[in-house]
Amino acid sequence: MSDSQKDLDLAAVRGALGARLDGARGREYWRSLDELAATPEFREMIEREFPRQAIGWSEDEDPVEGRRNFLKLMGASLALAGLSACTRQPNEQIAPYIRQPEELIPGRPLFFATAATLSGVASGVLVESHEGRPTKIEGNPEHPATLGACDAFSQASVLQLYDPDRSQALTLNGEIESWGAFFGALREALALQKTKNGAGLRILTGTITSPTMASQLAAVQKLFPASKWHQWEPAGAHQERAGARLAFGQTFNTYYNLANANVVVSLDSDFLASGPASLRYARQFAARRRVSGGQTEMNRLYVAEPTPTPTGSKADHRLPLRSGQIELFAGALATALGVAQGPKSGANADIYKWVGPIASDLKKNKGACLVIAGEYQPPAVHALAHAMNAALDNVGKTVFYTDPIEANPVDQIASLQDLVKDLDAGAVDLLLIVGGNPAFDSPVELGMRDRLKKAKLRVRLGLYDDETSEVCQWQLPETHYLETWGDARAFDGTVTIQQPLIQPLYNGRSPLEVLQMLTEAPDARAYDIVRNYWAAQYAGAGFEAWWRRAVHDGVAAGTALALRTPSIQGANIRANAEEPRLGGTFEAIFRPDPTIYDGRFANNGWLQELPKPITKLTWDNAAIMSLGDAFRLGVKTADMVELTYQGWKLRAPVWVQPGQIDGAITLHLGYGRTRAGRVGTGFGFNPYGLRTSNALWSSVGLEARKTTGSYLFATTQNEHMLDSERHIIHSAGIEEFRKNPEVIQESAESPPRSLTLFPEWKYPGYAWGMAIDLNSCTGCGACVVACQAENNIAVVGKDQVRRGRAMHWLRVDSYYKGEPTKPEIYNQPVPCMQCENAPCELVCPVQATAHSSEGLNDMVYNRCVGTRYCSNNCPYKVRRFNFYLYSDFETPSLKLLHNPDVTVRSRGVMEKCTYCVQRINAAKIDAEKQSRQVRDGEIQTACQATCPTEAIIFGNVNDPNSRVSKMKAGPLNYSLLAELNTRPRTTYLAQLRNPNPEFEA
Amino acid sequence: MPQIFHHSTNTFARITIFGAIFVIAFLAWAVVQLDRSAYVTRATQVREQPVPFSHAHHVGGLGLDCRYCHTAVETSSFANVPPTKTCMNCHSQIWNNSPTLEAVRASFRTGQSIPWTRVNDLPDFVYFNHSIHVDKGVGCETCHGRVDRMPLTWQSASLQMEWCLNCHRQPEKYLRPLPYITTMGYQPAGNQEEIGRRLMAEFNTPDTRMLTNCSTCHR
Amino acid sequence: MIKPIYGVMAEFDSPTALVNAARAAREKGYRKLDAYSPFPIEELTDVLHLHKNKLPLIVLIAGIIGGLTGFFLQYYVTVIYFPINVAGRPLNSWPSYIVITFELTILFAALSTVLGLLALCGLPMPYHPVFNVPRFALASRSRFFLCIESRDPLYDHDETCEFLETLEPREVSEVAH
Amino acid sequence: MPENQEVIEQPPSREIIAPGYTFGTVTDQISAVVLTKKTPIFWMACFSVGFGLLLLFLLAVATLLVKGIGIWGNRAPVMWAWDITNFVWWIGIGHAGTLISAILLLLNQSWRNSINRFAEAMTLFAVACAGMYPVLHLGRPWVLYWLFPYPNSMAIQPNFRSPLIWDVFAVSTYATVSLLFWFVGLLPDLGTLRDRTSSRFARFAYGILAMGWRGSARHWSVYETATLLLAGLATPLVLSVHTVVSFDFTIAIVPGWHSTFFPPYFVAGAIYSGFAMVLALAIPLRSVYGLQGLITDKHLDNSAKIMLATGLIVGYSYMLEAFTAWYSGDVFEAAAMWNRMTGPYAFAYWSLVTCNIVAPQVLWFKRVRSKPVLLFLASLVVLLGMWLERFVIIVSSLAQDFLPSSWGNFHATRWDWATYLGTIGLFLFLFFLFIRLLPMISIFEVRTLLPQAKVDEEVRS
């Protein structure tokens, strides 16, 4: 994207805004944010900022009208649309460009490649931009980590960009200041440091993979030799690195190739749904499970884990173990493989029963199998996994090693403790905290919140004015990654140059720009910093071409780190024979939250409302425990327990989870934020309050006792048990399937098409349909957020979710089968089925929902009167009703987020999935203009595009060669509730499992 | 007992009863009319503009092609309102100090957009795509009327759903050969319906069932 | 000026008396006469030869019109006006149209019944000469009246009054216009 | 009042009218209720209760319009709850009136003459209350008119395949026809009031409404035909209305709704609750206004018998419902029924069984039927039971249908209560206005019941 577009000068506007803010001082300013947002200055700022990038229907006599019409937003007029033509159109205005950038055609979106980072590691994305407004994130097919898929975090990051609660102004002790003022203060402090070689200068960051930033930090180090750079990433890959050091004596980065693995053993690793390469792994894993045509070979997955995860739900054998027993299990397995010397039997009989068949399975697949250690397991487990993989000679086939992708892979706990030491010694004059939120998420015993205050001058660069900002004098608004230039490495070291999609909304600066302030060229702009760094790296001519290509593709050619083949230091590989004794206590297990991660996404409504995999819990975390433990404690779901660990206390609500191992209580981090913003503050409880340096991920010794009170959870699914009569999920063992490919068809009751009194409706031309492969779906939920982003789906809040009014068009149901202590877990995404005999259509009194000639179950929001009869009559319950005015028509920044091609629904109307009809129409129009048919795969629904496992396939079922037709033709295909003869266009492929025959349950 | 009512009340009573029927009928009729009236649809109403731009002069007089300014009409849903630059292409040379064009020059200087008022404005829940219509033989004139005769621009059609359906149900009555898309005052060379049907075959226009799907315009 | 007389009216105590009086008057040859009672007395219909009214026919026709309107409204809308595929049902799903067809039949018929009633009774007629008779107020309570109108060819004020007296009424009074 | 206001209190009798009444006395006693200057405390009390609740109703509606359906407990999957429950309940109640005036007329049941008037009024007001809900339950009530076919610029019309549209036509037709029937019945009595009232304004008002009715033999003969025709039309209509209402459920595929015997089942239930309401109103009224002579124990006895009969039909339907659920072998039907009996709404289900089947069995005993107080209580129990029946059918079926993943239970909010009590207020308000302003018993029809009304045979011919 050309830079010319980026040189918008908003100083004047900001001046106006600043002046306004100067009026409102201190805390009062925060209270007055809304009011501020409603002031003409603010609107002007937004509007002047965008007309040059966006065609905006700008101001208008009536301010309310004006705000409403600012963008292509119909919503509020829907409320009036009742009087349809009887309402006159208000005067709307068009603010055209002054000079129109040549590559931009108003009305057509552009896509730009960049990368989102999580714990510092990049995943490549493509960003859809409407006249300069980023509205939707897609995966970047070129990028090794995403392969075109996208996870929930990246999907939701676009909402974070527009979050009105983001730190909007640079403040000193809560009062608005200018960057100039800060720069002055900084210079002063640095001048002092210069005199003492920077002995008092400390920089605290998260994990850094950005080569550019690394070079900056190096430069700073050179300027201030005595300064220190500390790192703290609450959910970083500490254990993995430590494990590598243990196994190889030096730090290596590990990644896998599941495409070559017939047998996978997961030692408490949720590799399908978490971790920097999970999208890639999920794609490869699913590909090896897909049964189609004559191909009936499936990989086999063993998962040993304490709490059910998406990975566990795909397991052919799920072995519930406490986190502390994993090491024992790994040891036993290593012993069985002859890699380590350990006992052949022990107290925990199960373990030794399991390892036999698993070991032989692995041996049978030497070089084509894989042992994955969970990133939160202790170093020993990682070491054992490395050893086993080496012994099974998987290295170079399914396991790969490179140098670490981090700029400086230190032991972050040590690094943090070092900082604490200096703080206590009063040695820190200037502490620069870049990103992160150490006051909230560092180990509890360090008491960072208060300790930080011991630094004399505390500067915080952050997206939000959060818990950490609270204890710093200076809060600097950080740019969102969509607002600035930068770079970052992916899981294999591949570099992505991050490019901005929009001018900083809130006058923020990027980390690069702020770190630059410590160097000699303090005022360089992010663009130059990044470009110059790479120009320096790039040997030889043709840099310009290389640069343009790198920026365009989102992948910098030849930056993946070279493969290494480290050798095991056998001496360090020891199989632990003893599992930690519970002694009446519980094992505490800490994990980043599946949807808000370590707490950084707490203020993101999409992620808060995204039902967590399996539990379907929203807006909260919980003390997840087994049925047995709940019984022993005399508690049930939503009762309160008091947790005590080494004297630290915490009250938390109980969540009884089938499949949870006895004796372990799982706590998801990130909740209990006290200063997250209007969305995230005050939800859930804060497990960081129990988390100590020596037990970052798990430890025994957690005491729990029932206390008074109970809690209101908001779940989107209450009933999870599958009964035998309702054929909702069809599944079979692979052997069974090989013997009789018709096994699914026989178990599914579906009436013949001839069974009807009515003449058939013909669907010539296109006939859209969808197939969902339950065998691939991991239930990660990325599709749900993708749908929300694509279709302007409103966030309704915890209370409304609790009342059963969540608005997601696409939901992922989870079901348990078998005994509650160790059930089989099934995931089933349920969008609108687009029934050919749609029960909803029949009962709509106003024809607000009717059938299209291409078989879509159209929903016309502006015709709906809201009888809700259609929802009652929908057997799949996929229709969602606007009980209140859920859509946000007021917040200016959120309006920029809306997808202009989809109606924003107003109060009192029904809404639902229509296979992303806006995408269908766009593709059809393009095809028709070229007088051709829409090609197979040309239309991807939002859910399909984002799905890491390609579980969702959409296309034209009239075309026998389309992927969807082929899938539907297969023997696994079945319709949900086929016996109702609704003839859904969305069908499912049954789930298959590949259990090890040697395994006797 | 004395009479309660005067003699005349008899006639009066009957008139009120049977008259009521007609009154109600009239009111109903009136509402239906109002619904389609220019007051509601705002058709034929000239909108205030920051610059009194005359299509009559530029199109009728100078004979500019629509696409000279509305560049995106063939490629995008939005026909595009020309950037100030486009105006300045000529007006930096001619009329370059006419006071009426000050707003244009000001915009070019200050970088502030000219706030045009929308003339043809569909409700926000209707998704209209210019490019597909123009590419399939729906002339500008068909919806926008004789723009070349509009000193100040007004909306010529009602833009109501029934109006859209007129064409979506029987395109043959409105289509024209592509060379004449921007022609004003186009006259079909022969029987429109025949030509229309031929063109539909040529453009392989979808059947009217598809053209009248709800989701064709509403999403 | 002499006010023209509408007729003369005799008041009776019981339905029987009224019926007999009416019969007598008919036999005497009076034709333009009417009887008033606080409740329907079917004998009077025969005595006064009130031929059967056309109401049932009107209602039948209206009902048929209503039914046809109902069905073809629906047929037109779903098949001709805007044919839409609803739930895969055929455009002309006639079984679904039965209910509204039936309802409109009843509605039209009922409305025509009431309008017909008013029309045939010549109502509304808030003003009527008989109300000029003070005691006529009792016609809606407990008394029965027979009125011989002046437009009857046999009508002669004195004779008619005498005749009425022979019927042993409670009272005879003249009805002014 | 002019001469001889000879009101006589009669002891209750087993006849449909007490001996000793004359044309004059019936007229005076009934019209006195309306024409008297002094209003009884009872009326004042009931009216103020009604008015108070009416205000509550207005508040509830205002809030609903401002905030949205969300103020109610409705949710996914229970998108219909109290709104439609109340609708069906009121419509059911609104059946007795037309039934009494039409069907019993055709059947020559002369005992109907003294109860049909207020029963019809009750019908009208019940239908008015019922009519509120289809409007209020809309997400966007202000586009209600889209439910009617009219020439519009959107070129789109209602979906005539939807039972809701059938409802629109059925209910509005029913309301119209009931109103006409009621008004036609009132004509002669309006004449009476016109002639009896002393106030000039009242005379004018009643005069206008009476349209100059003068009881001429010609009027009467047309009038008789008209009433017969209306009765003939209203009879199939009244049976059709609840049939159509039941289509709202039977046409849907929700287990617990989708069943072919709903129409007779619903009609029986409607008459059941309708007669319960008739008794609940008649018993206090007749004692307060001393009308035991006109609304005699015979009337109560007959109504009670009809209740008993319809109650038995309803009971049979419950059993049939359970049986078919089991016999069909349909997983979802069986589950829905089982859930009804044992699930979260089991309490409601078993209380409705108690109220509608067990309790009314006492009506077998003449001793009970002859005790107005007991009858009164019985009818209240039945009214409650019938409300519960609709609640259970609607809510329990929706709460747990096909996919367990989307099951969820309904909890009523205070606004659900406000809206429901509100319509009860509306009903009382209208009904007691009617009691005060119009004759609650059809005077002229009661006159025909008197022995004096017979024309002696021997003097004929």
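As written, the chains take the letters A, B, C and D, and residue 1 is the first residue of each chain.
One rule holds in what follows: a contact is a pair of C-beta atoms (placed from the backbone, for glycine too) under 8 Å apart; a residue touches a chain by one contact, two chains touch by 3 or more.
Worth saying up front: this structure is predicted, and the values here are computed from it rather than measured.
Colleague: Where the contacts of chain C and chain D overlap, which chains show up?
Modeller: The shared contacts of chain C and chain D, listed by label, come to A, B.
Colleague: Quick one: report the Å distance separating chain A from chain C, using the average Cα coordinate of each chain.
Modeller: It comes to 80 Å between the two C-alpha centres.
Colleague: Between chain B and chain D, what is the gap in Å from one C-alpha centre to the other?
Modeller: Centre-to-centre distance between chain B and chain D: 53 Å.
Colleague: From the C-alpha centre of chain A to that of chain B, how far is it in Å?
Modeller: The separation of the two C-alpha centroids amounts to 45 Å.
Colleague: Chain B to chain C: how many Å between their CA centres?
Modeller: It comes to 58 Å between the two C-alpha centres.
Colleague: Among the residues of chain A, which ones contact at least 2 other chains?
Modeller: Correct list: 85, 839, 841-842, 847, 850, 852-853, 863.
Colleague: Can you list the residues of chain C that touch 2 or more other chains?
Modeller: Within chain C, the residues that touch at least two other chains are 82, 84, 86-87, 89, 118, 124-127, 131, 136-137.
Colleague: Tell me, which residues of chain B touch at least two other chains?
Modeller: Within chain B, the residues that touch at least two other chains are 1, 4-5, 10, 13, 35-36, 160-161, 165, 209, 214.
Colleague: Between the chains shown, work out who touches whom and classify the graph as line, ring, star, complete or other.
Modeller: Looks like everything touches everything, fully connected.
Colleague: Flag every residue of chain D that touches chain A in the complex, lowest number first.
Modeller: Contacts found on chain D: 67-70, 73-80, 137-140, 142-144, 146-147, 152-154, 156-159, 161-165, 168, 248, 251-254, 331-332, 335, 398, 401-408.
Colleague: If we count contacts the way the header does, which residues on chain B are in touch with chain A in the complex?
Modeller: 34-36, 39-42, 47, 72, 75-78, 80-85, 107-108, 111-118, 121, 123-125, 127, 129, 131-132, 135-136, 160-161, 203-204, 206-207, 209-210, 213-216, 218-219
Colleague: Provide the residue numbers of chain C that touch chain A in the complex, in ascending order.
Modeller: 84-90
Colleague: Within the complex, which stretch of chain A touches chain C?
Modeller: So the residues of chain A touching chain C come out as 758-759, 761, 836-842, 847, 850-853, 983.
Colleague: Going by the contact rule at the top, pick out the chain A residues touching chain D in the complex.
Modeller: By the definition above, chain A touches chain D via 79, 82-85, 717-723, 725-726, 728, 800, 803-806, 811, 813-815, 828, 830, 839, 841-847, 850, 863-869, 871-873, 875-877, 879-885, 907-910, 976-977, 980.
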